[in-house]
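Below are structures written as structure tokens.
First chain A sits with chain B, and in the next complex the same chain sits with chain C.
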Partner chain A sequence: MPFKRMPQTFTASIGTVTIGTGEKAVTMGGENVLPLYSFDAPIANRPLIGVEVSDLGVDNTLPELAAFYAGADTVVEQAKRAATMPGADFLAIRLESADPNGANTPVEESVALCKAIADAVDCPLVIEGSKNAEKDSTLLAKVAEALQGKNVLLMSAKEENYKSICAAAVLAYGQKMGAESAVDINLAKQLNVLIDKMGVKGENVAMNVGSAAAGYGFEYVASTMDRVKAAALGQNDNMLQMPIITPVSSEAWSVKEAIVSEEDEPEWGPTEARGVEMEIATAAACLAGGSNAVILKHPKSVATIAAFISAII
Partner chain B sequence: MGLFDRVFRGSDEMYAKAEQSVDEIIAKVGPDAPMNMPNTGYFLACNYAYLGRKITKVGELKEALADVRSMMTKEQRTRDVFLSGIGTAIAAEIIEACKYVETETPYEGTLYHGHLTDAEVRELGVPLVTGDIPGFVVIIDEAPSDEEAAALIKGYQSRGIFVFLIGGIIEQAARMKIGMGFPVRVVPVGEDIWAVGHVISLVVRAAMIFGAIQPGDFAGFQDYTFHRIRAFVNAFAPLRDITVACGGGAIAMGFPVITNETENIWRVPKSLIVQPNTQEFIETSLEARDIKIKVTKIDIPVAFSSAFEGEIIRRPDMQIEVDGSRLDCCELVCTKEASEIEDHKIILEGPDFDEFPVGTKISMCYIAEVAGKNMQSDFEPVMERKIHNYFNCIESVYHTGQRDMIRIRVSKSAFEAGFRARHFGEVLYAKLMSDFGAVVDKCQVRICTIPEKNAEYRALANKTYDARDARLASLTDESVDVFYTCILCQSFSPSHVCIVTPERLGLCGAVSWLDAKATNELEPDGPCQIVPKDRPIDEDLGTYEDVDEAVNKYSHGALEHVTLYSIMQDPMTSCGCFECICGIEPMSNGVCIVNREHTGITPMGMSFSELASMTGGGVQTPGFMGHGKHFISSKKFLKAEGGVGRIVWMPAALKETVRTRLDATAKDLYGIDNFTDMIADETVVEGDPEALMNFLTEKNHPVLSMEPLM
Partner chain C sequence: MGKFVVIGERIHCISPVIREAMANFNPEPILKRAKEQLDAGATYLDLNIGPAEKNGVELMQWGVKLLQENFDNVPLALDTANMAAIEAGIQVYNRSKGKPIVNSADAGDRIGYLDLAANNDAICIALCSKHGIPSDNDERMAYCQELLERGMGLGMDPEDMWFDPLFLVVKGMQDKQMEMLEFLRMLTDMGLKSTGGLSNVSNGMPKHLRPIMDSAMVAMAMQCGLTSAIVNPCDQRLMETIKSCDVIKNETLYADSYLEL
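Showing the complex of A and B:
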């Protein structure tokens, strides 16, 4: 029997979210096929790659990473360098030091840093908060105010603090927001419904449905993403049609394989190479699952994933 | 003269003043002089919002005035009064705007704040939208005394309400040395009533910024201010016509006006409220605008945290013990009318803890009286069940039991820290308001330590408990209009959906129909959604088109059909947290039920955990299903297959748990007495079907005369 090609396209499609301004603005989402199924129909916007820069500075224990950032001694300089990384579409500033259980950098300082970076680079920006819901609700609101007109994406609103991020980030200052839930389709949907009820339109929201490093319970991530895309496309569920953005580097670089030194595990080889592999494996899995954007940190991972995307789409 | 005429007269007054201001400023600077309000992108915001006019030149004020005039139609209809009121607010903005033509800071060096910048609108707007600021009040004119003015302002401040002041009250506040300014959330707007234009300008800008309402969309603004902006007005007597006209505008926007004026005023329910006692202004106002104050901290002298839940107070450490086993004690949540109770009032009847000697066993009753528009008496037991958990979170206090069988111990250390009877009230108030804020608008707590009186309270409480039990017993799947979904477990069992009915509670045993109902009310977008039961297909099987639609929707297409009362046809799926698993035993044509606690083998040749692997995960396996213990004795249990008469084996402990109700059900269905004794258990049969058959034959079990299951 001859093979008959049956393209599987959907009448529904994933929504789009645009970040940044001017020529460098980028758009994620918009496809009406399953993730990476470019053989069924053209994919409206290829998945995006963001480069993460932490306000704690570059991890100098990783020689290749340190070499990439050589000479860039301030976070602003590092951000400028990161913006030149081949394959990167946007910059993700991670305000790690703002965590009250960590360095607890005052809000004004974090805001000043974001402002300085926004003035120094012209690529689209994603600002990641401290992951502390209470701190982020004030921090991200102030960042939104300071970066008015830059069309940045603020990550992330959770169930505990979505109200202030909706009100400040999107309604008051016209930015975009991430909606973060913990690997559960219903929690993701519930948060989107609550955000919608605040008067925030879907075009301003990207979902972070949660992630895990490959091999660390990733099957939950895979099943959640599968179901989100199936409901969004197959059932035209508009409360699950927001594009998905997944911060990969923070997960991938914190697991054993990426941390344990070569001295402790000589047969595993160099630490940095392992971290890069974890980052690439996780990012590729996320993209196959349905992420419309991934956030990475290592130049090698960015180059590899960029090549992967252009080869497959 | 009626209220309408007062509004129209006041509108005329405001219009005349506006006309005069505009004429004067045009005469002075000419019609082409620029008209810019400082630091705003919304021009004269009221004019922009309601009239769609972008005023940039002084001369354009004149044209705007013509629009305002046309709004003041003077027909004796509510619509005209509202329109006239809003026209008055626009005129007020024009009067104030004239002051900004020649300078950006006309109020420099005065007490007054005047125009609010866009930055200030956003700064106030964000917490208003999130509810961190529960609302704002505009207080107009002089209070009866400086002290009352100060008490009112501070009262609002302490509740987190943002305060705008207009007129004489500003000087009163200044005399009482009340700190004023945007950062302390008390803004002295201006000395004359037209300063109200600045407040309305803020309101409409908030609607444009946060609600994306388009300029000129009059109805859109009405709708947004009514539903989203929790504002209200306090206006002190004597009320002038011009204030009444502004009040008409406020009411048109959905902001109630509360006044102590009693002459020449007409009450309008929920809108124009006369409260002669100014001390009651705050309570009356909050109720009129449906504002709930967020309780953020619990006012008790010891810590409150789940870390203290497991704490046990030994007898030697005990200051006082509430002993429900010997004395009259009870705990109760009951619903009241809003007018019957006072929010956050804690009434202690009888002596406090410091009036009893150390180690005394006392009688104590505490009753949380709650009121709310969405409150239903079905939620009372749901709330009451949480009291155990609340009181155990108090440091150095422990609580056991429920209803009239409670025991509470307060340790010496809690007592020494200052813990007294009323603090139980503080805990109940704070927790009920924060956990059940969606249904509880007001809460008052009554605590009594007088033994004679407690005998009465206990008798009263028992009546309530009896009524609740009767309600629970009478709840059948037929007697209710809706079922609920529960998808709490989908995080690990993605395609499972529980349909919770009065007789078939969630298979985990933790979500009853009442719980699901309360969850739906408290968290409308949460795991428990309403499933109507309007389109039954087969009531014996328990099939409904509505139920099929719900499982299809909430399993995201994984499930298409579910029956409520059958184990053979499309049985309900299970997540993995079932209390019991029921499976068919082919030799007897009956079913075995095994509960999670039972570790031994069943006559089906499998243990609970082996059965669990076949039953869980959201898949339908005909012949196997998970369920709660409570479901076993229901008349709906395996209704499609003949009912509880199919049960041939259960662990002995489970038999004892369900015995009374199961016997009653079997008696009703088959006229059999002591049916539970006909069911085998592990003491007579373990893994051997032959032995089971012998036992059933010996007992003349009803399953022997039933149709084959397959």
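Showing the complex of A and C:
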């Protein structure tokens, strides 16, 4: 009997979220097939790659990374350099120093930095907060106000602070928002329901369903993403049809394989190469699981993942 | 088989309010009931215009357009003894949210409704009966096969035939309930879809008991694979039961707000 090809397409589809303005604006999501299944139907928008720039500056202990940013001494200069990275679709500014348990940079300073970067680059922006829910509810609201008209994505609203971020970021200033849950499928859906009840439409929300570096419980991430896409496409669950954006670099570059020095573990080889490999392995796994956008930091990882995406789609 | 499909039964000419609205082509009472049912979680709305011998065509087209234009092309079940009216309703029906349902055919005098559905690419509710209530499951199954063969002969997809096992009233036919559930299981094992007028089960019971009995029946029937029912979606207990069963059956993903969705 001849083989009969049966494309697995769905009547439901993943929603789209557009960030940025003008020609550089990019859109994530929109597919009606399982992740990367371009053989079943054309993928509406290929997955996007963001480059992360921390407000703590570039990690100069990584020689290749330092070389890429050579001469860019301020965070704004580094952001401008990052925006030129081949393969990058958007810039992700990570306001790490705003963390009250860290440098606790005042809100006004963080906002001024975001404003300066937004004025200096023309690519779409994602603003990642301090990860402290209380601080972020003020910080991201102020950033939303300062960057009005730039159509940025603010990450992330959690169960603790979604109300203020919905109200300020999206409803008042027309920005986009990330909805963050920590590898918990039921909470991911619940948070989207709560955000929907605030009057925020799905086209303004991307989900961050959490991640883990490859080898660090990634199987939970994989099953969460699988279940999200199965419900979104197979059950037409519109509370799970938001595209998924996954910050990979913060996870990948914080595990021991990416940190321990070559002196301590000579047989492991150079630290930077290991970090790049962790970042690539994690990002590729996230894309296969259903991420519609990944956030990376190393130019080598960005180039590799960009090549991976264009080869597979 | 997917999420349970609730067909809202409250736009029915047996209700004095609706009958009067239909007689005078008055949209308000009909729109009000439609909204209540959709807010409560109905997927399909049943539009029952009764025998409608005189102006069925006009009335059905008016009703279909009224509901679909006001509620984002809500999918409908067209319910009347006037076949021309059903056909006319389908002519103006927008399919973007789902095929129309023809309500209903049986293996007896109403078998022509199956032809009507087949000719118009509609879903058809197929009652497993011929003359009154089937005496046992052998009889039910014979009618089911008869309907299935005829539908498939007409080119229908079996998925588009939703078999009605005939829910029976507990008060008087208590001993027949388990058999009916067993028949549902047979339909499920054959991969067939099912529906029916579930609240018939609690007919004649005190008002406060009906939601309890209906909820118990829907849970047991869903366990046996029932895929849809024609019910009153404004019955909160019933809808809570259906949504909870959909979660238990893994047809919808649980979230703390699942009852509000």
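List of remarks:
Note that the second predicted complex is superposed on the first by the 312 of 313 C-alpha atoms of A that agree within 3 Å, B and C clash if a C-alpha of one lies under 4 Å from a C-alpha of the other, contacts with A are read in each partner's own complex, and residues count from 1 in each chain.
To be clear about the criterion, contacts are C-beta pairs under 8 Å (C-beta built on N, C-alpha and C of every residue); 3 or more make two chains touch, one makes a residue touch a chain.
Predicted, not measured: the structure shown is a model, and the values here were computed from it.
With the two structures aligned on chain A, chain B clashes with chain C.
Residue contacts after overlaying the shared chain place A:141 against chain B, while chain C stays out of touching range. When the two structures are aligned on the shared chain, A:190 is found in touch with chain B and with chain C. When the shared chain is aligned, no partner comes close enough to touch A:67: not chain B, not chain C.
In the superposition on chain A, A:235 contacts both chain B and chain C. More residues of chain A are in touch with B than with the other of chain B and chain C.
Once the two complexes are laid over each other on the shared chain, residue contacts for A:172 go to chain B alone; chain C is not touched. Of the two partner chains, neither chain B nor chain C is touched by A:112. Contacts of A:227 after superposition: both chain B and chain C are touched. Of 22-30, 112-120 or 238-246, the chain C stretch that intrudes into chain B once chain A is superposed is 238-246 (criterion: clashing C-alpha atoms).
In the superposition on chain A, the residues of chain A touched by chain B in one structure and by chain C in the other are 185-187, 190, 193-194, 197, 227, 231, 235.
Interface residues of chain C facing chain A in the complex, by the touch rule stated above, are 2-3, 251-257, 260-261.
Taken in their complex, chain A has these residues touching chain B: 141, 145, 163-164, 166-168, 171-173, 183-187, 190, 193-194, 197-199, 223-224, 227, 230-231, 234-235. Residues of chain A that touch chain C in their complex: 185-187, 189-190, 193-194, 197, 227, 231, 235, 237, 239-240. Contact residues on chain B toward chain A in their complex (touch as defined above): 122, 125-127, 129-132, 209-212, 487, 490-491, 494, 525-527, 556-557.
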